[in-house]
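Going in written order, the chains are labelled A, B, C and D, and every chain counts its residues from 1.
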């Protein structure tokens, strides 16, 4: 019995898009209201206030009407002024990629780059900023999804703050899956979205913008306005008394509403705990199979994605295709530099459940084996189960 | 009995967002697949091919991951090169607004502007182009929604073609509601979206781009790339073998799929016929009540929106609020210059049904009356019913 | 333009099945839980408690897992013992029909029958009961849907109580659309369902059973048990600690939950008011067109259905088919004796909105006219609008 | 981390209700049509024809508007006449239970009963029928769900046919999950439902009735009519030209339509294959853990349910509660005689996927262990994975 690739897989255990929570899927089907109808305007404000509560910010976050890439591009365009020298921190494909956007808008982009299986050393940032007091903005990706690795944005944020630089964080695939917030990282601009750990489909961005960042953006003559990329256009749009600069994605806002309700009702700490446990079980299972994780040190492995290093001579594409065909499990490939070298198992939103770690281990283990790797799947399953049980019995 | 503005209205008879078809609402709730899953990639290609069939283009249209304002901004940024002189045709708020985008990217923007209750005279365009052979791009809004008026894009397209200029059309709120296509208007770039007459929620754009336009865009060094606004990024993304430049809005694509199925199954000609009839019934009812249409000549009234001119001394905001509070009917206000002067009744997608014209007449008639206007609602209802019956008996 | 009968109509303005509220439709799609899962058992109890609140009973009503015909058959089988003499009150097809069930179980069934366009005279009941002190059970249909007529169950209930007889009420299509309850009618068994004015699809019954009725049922050796028709099987099943006698219709319970939330949140009195107003507008429109109502006196016309008497020589089937083909409006036919003689316009749940009365008048008026009847549709629309406006301005 | 019983479990791996397929859940939310609307009547006929195709019967099966218990009760009441001697075959709680219904309607009920972990021996039936030529009807449960055991209805059917007795089969939880049909078992009445292996919620029954059975039912003066239990009422209701005896459960019919489409599109043989494989994996895992199956011989274990025998001294209720609290997995208890002695893992519809067998093994294994049983969970997982891999590589 094999699974046909023309039909949907049985399990989508990817790093996003992830399947949405059932209540989110149903909410997407709510009646579409006219954006200027008073009931919608009040509803939108209410969603923004729930997002504020979920993000633990001092004001409602910006809601942009496109997936977080829109917010990242908009953040670069808005926050980085033509006279700015920017320090970009690249520990993976997404962090590296942000540097290209930064370069579009900045006078100069400096970069600290580390191998894509490791993380930025905050002390290196400290030293760099000391040596380069002209740096106005520091850019960092919290969870560089194509590597499944985390940077310590809280340490980096403290260092940037001390140096008087603004921090721009990409927290798209970490927020809502682990303890992280704009405040804790002292971020000027903190970009995330509901389409990863919050369990929505991709189509919206959420951005926390600090007062300092707003001041800089409003003063930046090149900051986009009358544009899909504009932060300023949408700054006050959450208020029911303010017009929308253009039409919000009504159905996605409906979905976001349900996702926020679910997140707040389950409790952020409980949500984070199951992301962490699922990832831990998954990592232990992978290692016990005799396979290495991609992150060079486990402390930097993300609780929302487990990146699995392909053994010498094994192609990730073959493993992915095999996992899907044999076990009906769809997982994520790498991107650019990590493409072909790793396979990623997402633990995001509805799939951040320990049982999915078992399924993932069986699927990736079996696929690795069928691709010719030396792998002890039973040992992986046993280790996973043991970690799970230990966590329960704690 | 009054309707509370904190609750959803009973009928949304706006010019968009309109309520989506029930099958679209259900499709939004389909399982969210990973964008790189082979089942999704094949599905996406298939949706693009259906869109091609619906738009009657020679190749799949661009699908952009934001409401049509994204495609309009992207079109200006992509098609208009820094050396271009552009002729912008402004017969309404949206046409006028496009000129500001054009001005961002062009060397110079010329403009023909007419009062916002009338339409561009194609002969004036012909004369202008003759006098200004340097014009590279002509921009026109087909249905200037805030006025409910149509421009003759087929005549203008022929004139532009003759003059060797590329035509950029905003057909957002006309396409799928009346006979119009990129081919018939000889458009280089023809922007529309599924969120008006196709009956989807707002979140996607559809763009037909001619070969000539692609050549110009690919040659334009300033055309956006690695950007949410980029046309080139998405040019080949519809193919199942090509990567997505960033994550598509999976759930909205699911909705689009259902909307295209519905449109093609009902038959475009049948869909257009009910838009046309609904609008005609609505106009006759409005006139019979003793109220004027906003368009100065009925030939330019859109089949997808009936803009109703407020009588002297009657504020449109009061009428809208009253229609909603008294009758539970949400309708659209004007925008900018037309704000306060007119009320718009949308006939788009699921609401393009004659019975809704009756409801609209009752609601706007009663609201006008309660606002102090001289209005003969019974005469309006009688006329509407008579037109409907005549159309049935034809 | 005509509507094809192979496609869904645009408006379903029937006396049931009516279209469900959108929130109910979405709730039907909730995850199906195992009936013995503790989360489901607690949920089911909670739904029963909400139903109690909505029905204003002293205990949770029975929820039976079939449309109300199941509860009516079960009520006859349970409450009527083989030694009972029953008085059946027949003012319409449904009341008459109940007599056949009563006859299956009773020693003897007496009947008061009146023409199907009128109502039972409570004084006749009083006299009958005085003359027949052996009557143990009186059966009455509150709203005899195929006639659109109401019986005065409160007066009849008081009379039955005085005579020491138990009252069995069919309130299927009146409850939740007007002020009526088991308590107010002193009913022993009061059968209704969520599939009419509560706006659910047909599949469940709700039954209020008095203590006296329970005593009689428990003492009845012929009362069904271990049967789909059994009341006793389900008596305590609402408690989360009790087993279900067989599997409940999980998805329908999910829909009921949403419908009860909506009803309680909007407020029963507000719901009843819009049913009443919609029906009044509809009746005034019908009369003003020159067409007669079916009920011989307007006081007995139901607020949840307007039955329209076909003029001499006009066939109801032709009118129904014409309303659907010409206007896209589906309405209800009569049943048995009333079939062919009347057309019924439902005002139930989501369609109990004044604007639908306008649509109904246009459709039935136009259909009557096209069938050759003398009818003044404009006068009907004008009258309807006038009544609506007067109600708003009150 | 424990799962709260007030919240839905993560996985419902029960023997029904099972979670419905996502496309079924969405179909439940389709617009509710009036049952007498021509579009609905044509749709209903079409669903009946699809059901015929799925059940491989010569005519559309009866669709009854209640879960299969309704059809079983109705079958007993319809097929069994007061002069009939019936042979009831009891190999489990459901088979035994059917005998009570049979006894209500028959002159006499003979019974062959075997322990509830074994199956009826067809040769014993042959002998019994030879000795009792007066037997008119033989009743058998194909898959006695509370035991997870199968009876050989094809052999029994051949024997009954030879003896001139009519066979009444309860195939509720086997049909659509394995190769079985009314024809293959020569059943006179073959009761099933869409709420098990077809992946619908519980609320409907499907019944294949042979010509001989119809002849007997039509001749039976006690067969229910004008009753929810009646077969004859609904016999011709599937035809679009015939009236419904009472209101069908419109939304459930909508769900059934989607489930039949899915079943026919995936292909019955493919569906059965994944049920069979999932069950086989599950059984091998259970055994490898050192735990016994409930069925005394594995050949009689159902492919749609794996019943797991509790070790001496281990209470099934504790295990079920523990599996849910620790692992978020809801499984089924036994019923009556099997209650407390076994735990059932369902493989039905969407959960008939090998990966769920792994999850089930982990959950039940962990729960058994935490309840004090000697169990080797790693061995179970390893065995399961090995069987799965072997099946793939076959």
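To be clear about the criterion, contacts are C-beta pairs under 8 Å (C-beta built on N, C-alpha and C of every residue); 3 or more make two chains touch, one makes a residue touch a chain.
Quick caveat, the model's predicted, so the values are computed rather than measured.
More C-beta pairs in contact connect the chains of C-D than those of the other pair, out of B-C and C-D.
Comparing the CA-atom centres of all chains against that of chain D, the greatest distance is found for B. The distance from the centre of chain A to the centre of chain C, each centre being the mean of the chain's C-alpha atoms, comes to 53 Å.
Each chain gets a centre from the mean of its Cα atoms; for chain B and chain C, those two points are 44 Å apart. Centre-to-centre spacing of chain C and chain D amounts to 35 Å, using the average Cα coordinate of each chain.
Multi-chain contact residues of chain C, defined as those touching 2 or more other chains: 7, 26, 29-31.
Partner chain B is touched in their complex by these residues of chain D: 22, 26-27, 29-31.
Interface residues of chain D, counted against chain A in their complex, comprise 1-2, 10-11, 29, 266, 273-274, 277, 326-329, 353-355, 358-359, 362-363, 365-366, 369-370, 377-378, 381-382, 385, 388-389, 391-393.
Residue ranges on chain D touching chain C, taken from their complex, read 5-9, 12, 14, 16-20, 25-26, 28-39, 42, 65-67, 69-70, 73, 100-101, 195, 201-203, 226-229, 246-252, 255, 324, 330, 332-333.
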